[in-house]
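Structure in structure tokens, see below.
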Amino acid sequence: MKKFLILGIIIALISIALAAESIKIFMVPKFTGAPYFVATEKGAKAAVEELKALGLPIDFYYTGSSVANTEEEIRIISNLLEQNPDALIVSANDEDALVPVLKKAKQKGIVVVTYDADVSDPTARDYFVNQASFDAIGAVLIDLVAENVGPEAKIAIVSADPNAANQNRWIEAMKKRMKEKYPKMELLTIKYGYDRPAESFQAAQDIINAYYPNLDAIIAPTSVAFPMVAEAVLKAGLKGKIYITGLATPNDMRKYVKDGVVKHVVLWNPVDLGYLAVYVANAAVRGMINEVDGTEYVCGGKLGLYKVYEELEGKKSVVLLGPPFIFDINNIDQFNF
Amino acid sequence: MRVFRKEFVLLLVLILVFVIMSFLSKEFLRVSNLLEALRYAVEMGIMTIPMTMIIVTGGIDLSVASNLALSSILMGIIWKYVGINIWIAGIMASILGAGAGALNGVLITKLNIPPIVVTLATMAAYRGIATGLSRGRGITGFPESFQNFGQGSLGGLVPYSIFIWIIIAIIGHIILSKSKFGRYVFAIGHNEVGALYSTVPVARVKFILYTLSGLMAGLSGMIYSARIGASKSNAFMGGELEVITAVVLGGTSITGGEGNILGSTLGVLIITFLKNGLNLARIPHSIQSVIVGIVLVIAIVSYTKLGTRAFKEGK
Amino acid sequence: MKLGREFTLLLVLVVLATFVQIVHPGFLSFRTIHVILENSAVMLLSAIGTTLVIISGQIDLSIGSVLAVCAITSAQLALHNVPLVLLFLWSIGLGAGLGAINGLVTVLFKVPAMIVTLAAMAIWRGFILWWTGGYWVTDLPDYWKALGSTKILNFTLPIWIAFSIGVLTIFLVRKIRFFRHVYAVGSNRKAAKLLGISEGKVTFLVLTLNGALAGFSALLSASRFFIIPSNIGTGLELSAIAATVIGGTNIMGGKGKIEGTILGVLLMTTISSSLVFLHIESVWDNAFKGMIILLAIISDVLRARRKSEARL
């Protein structure tokens, strides 16, 4: 079955390449002022180059608000709709607020692909390129705590904004994992650092002061809070006494991993994420997503063939990049993002 | 003797923006683009109207965006958990917003606490309460008709919400420039003590202004929720500074005594179309902030050069 | 009863701390107190600068963005192993320069500083976001944190530096003529002019000083971390104004004490840290902070009223 599928895609590719005209794709991250999204841009641009070489040219433009601001993101996307792109790739600052403007895009016949952060209404977009399933991320984080501090650990979480949809879902997944596998693990508190360094740092310090020594681990599922929690633990002189893990890029965490205050960093490859998103958008526009036995498949370039989940964790039409990846002292130098 | 009025300068700037932006991108001058860009300026536009009057009296209201967020959440809660019709819930929430504004007003007039201090505190408090009540989740699922009001357009072209803005702007303009209330506002701005002794009901005027500001913030909250299809506590973050920027850009003097609705509205239009054109011209957002800042400084400086006002007492 | 306002603040601070300690014994541990002192220290100098600007009758909204520019550029220099002393000179100098620009525009064009700095806030933040291209400064060298690692009597250097400067400022404000001019200009511009005080010079200098203090704060704050995200300093100006106002400074100008601001900063940091100990659900954190600021402001006015009524 798979052989026919791959053959089909290759034929489609060749025939389209022979007659391919340039398509316009806009990519809008949550905001541009973070290395994580810079990495997604890098991957996206690499995909654009590859596709160009394959005879599938793309007029590609990456832009977004420089700071995380839902209103700005909506305005920018709305403005860009006037330029009639063929596809929009969006990481949504707010899962609800972005719905109407993306629906407008779809009404104009634009292919809408969300990546990194989805919107709550699946009819507002065609595909969601998810970095890793929410359950998988929650499970990996909690499992790491259990493996390193024991299944009865007392943990705290430092999150971003209380409105942050991804973080909230990951926290739900963590709670689920705890209930299912480690019922004796206890979540002491969740504090919100609003992705600001000073606030996240103080949140971590306050947690440590309030709970230690009845605190075994802190999880920070956001790239500003994670290093700040590490800083707080370092400052309190509790390296090795409190286990820290969370989501952030290896570049941001390298110093802390090398130091030893952080042993494991969980993430995925944002370069690949941006890369895959472009391939999915390109395929959707050019009709290169093939259906076999009721399931859609899309070619993810160098990354291989991807199945499109009709439904995954309550979300429709999901392309899953892969499982979460754990960075540690042994492999962290291999990555540059 | 020709008197250069600020509004002429603003109009020229707006025209200049249009000219430059139309060169930078071919989509800018499309009617669909211009009208759609205005949709996203409605809430800001509505809130500049009471803000203009407040700044004319020498005051300020930093709590407008937070009030908008709180009203949005309250509307959502009233609709979803009390089961009241969304339109009525919106009106109720707007009235609650007016109440929040009235609280500002009471603290300012009865306790004589400076407006910037009161509204700085309520700015934090109101949004904080909105976050607590909503627990960081949005309330969604509003009826089609309500969402259509915020997202749809008349004849597929003119966003419905723009009409509300226009009506409020006209009413605001009439109040400020043609009514006795408006004269009171200016009197307070020129010389509050003098106004007090000339039987201007200073406290009552101010109280009304801050209540109105709250009402408009509540109304904007309703429009905002209709536009994005959700009630959220993070609505319009940083919006208060955007509103103030537009009002000041529009020629209203921060020290009081001078300003008008037309100017503020032009201020909103300039910022909106400037950003809109720069987006289409693919200028990065960070540079856009720099440009808006520079435009603001140039405008402010030119106002003082043009100004016919004598040297005023500072704040 | 010359100490009225500051005494009340101190009282509130003590009562709050005691209350939290009762609810959650362990609040008043050395570690917590140190955290509160250090987090206050990094904000303190900016708050003092803000106080002086407000006393002079102006408002500076740009210090958050100035801090970001100073912190990030200093950190970038640190990646090239520029010595810490030079980094301080750079940060303070750059801050002073940006403050001076605010001052120049304000004075030369006779426009209110609030608007100039409103624009500056957008300009400098936009600039630094463009300058960094989205990247954060990471992998800072170990010497970058030297300040925070050095302790005197178990308190880290930033605490000593900031509070010493704070205390010094309290005395300087009473002794140095410049500061008397700041008060004069803020309380009665015309009278000050008649006395031969150049309002322009005072305004320019106080805005420059505020920038320099922001630059100083930038390093005190940023040198705690090996990583500097580009949104550092966001919201600083409003926190500084809140601390100033809670500390008793009159927003209209002409009146205010550095002592009050120091206590205001301490109170705000203490409130912030105490929320975890009080087991308040974090979604309500900001609501609490806002309502407490509101209460502080209201009670201050009521207290002043009662005092003036008592005098009658």
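A, B and C label the chains in the order they appear, each numbered from 1.
Everything below uses one rule, namely that a residue touches a chain if its C-beta (ideal position, glycine included) is under 8 Å from a C-beta of that chain, and two chains touch if they have at least 3 such contacts.
In this text, all values refer to a predicted model and were calculated from it rather than measured experimentally.
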| item | value |
| --- | --- |
| Contact-richer chain pair (by C-beta pairs counted) among B-C and A-B | B-C |
| Reference chain C; chain at largest CA-centroid distance | A |
| Centre distance in Å when chain A and chain B are each reduced to the mean of their C-alpha atoms | 35 |
| Whole-Å gap separating chain B and chain C, where each centre is the average of the chain's CA atoms | 29 |
| Numbers and ranges of chain A residues touching at least 2 other chains | 32-33, 66, 162 |
| Multi-chain contact residues (two or more partners), chain B | 131, 135-136, 284-286, 289 |
| Residues of chain C touching at least two other chains | 125-126, 129-130, 283, 285 |
| Chain B-touching residues of chain A, taken from the complex the two chains share | 32-33, 61, 63-66, 69-72, 74-76, 78-83, 94-100, 104, 120, 161-164, 168 |
| Chain B partner contacts - residues on chain C that touch it in the complex | 57-59, 105, 109-112, 114-116, 118-123, 125-127, 129-130, 189, 238, 241-242, 245, 250-253, 281, 283-291, 293-294, 297-298, 301-302, 305 |
| Chain A-touching residues of chain C, taken from the complex the two chains share | 24, 26-27, 29, 31-32, 35, 39, 42, 125-126, 129-130, 132-136, 138-140, 148, 221, 224-232, 234-235, 272-273, 275-277, 279, 282-283, 285 |
| Chain B to chain A touching residues, read off their complex | 25, 27, 30, 32-33, 36-37, 39-40, 131, 135-138, 140, 147, 150-151, 227-230, 232-234, 236-239, 275-276, 279-280, 282, 284-286, 289 |
| Parts of chain A lying in touch with chain C, wherever the complex brings them together | 32-35, 37-38, 41, 66-68, 162, 189-192, 195-198, 201-203, 205-210, 224, 227-228, 231, 235-236, 251-252, 254-256 |
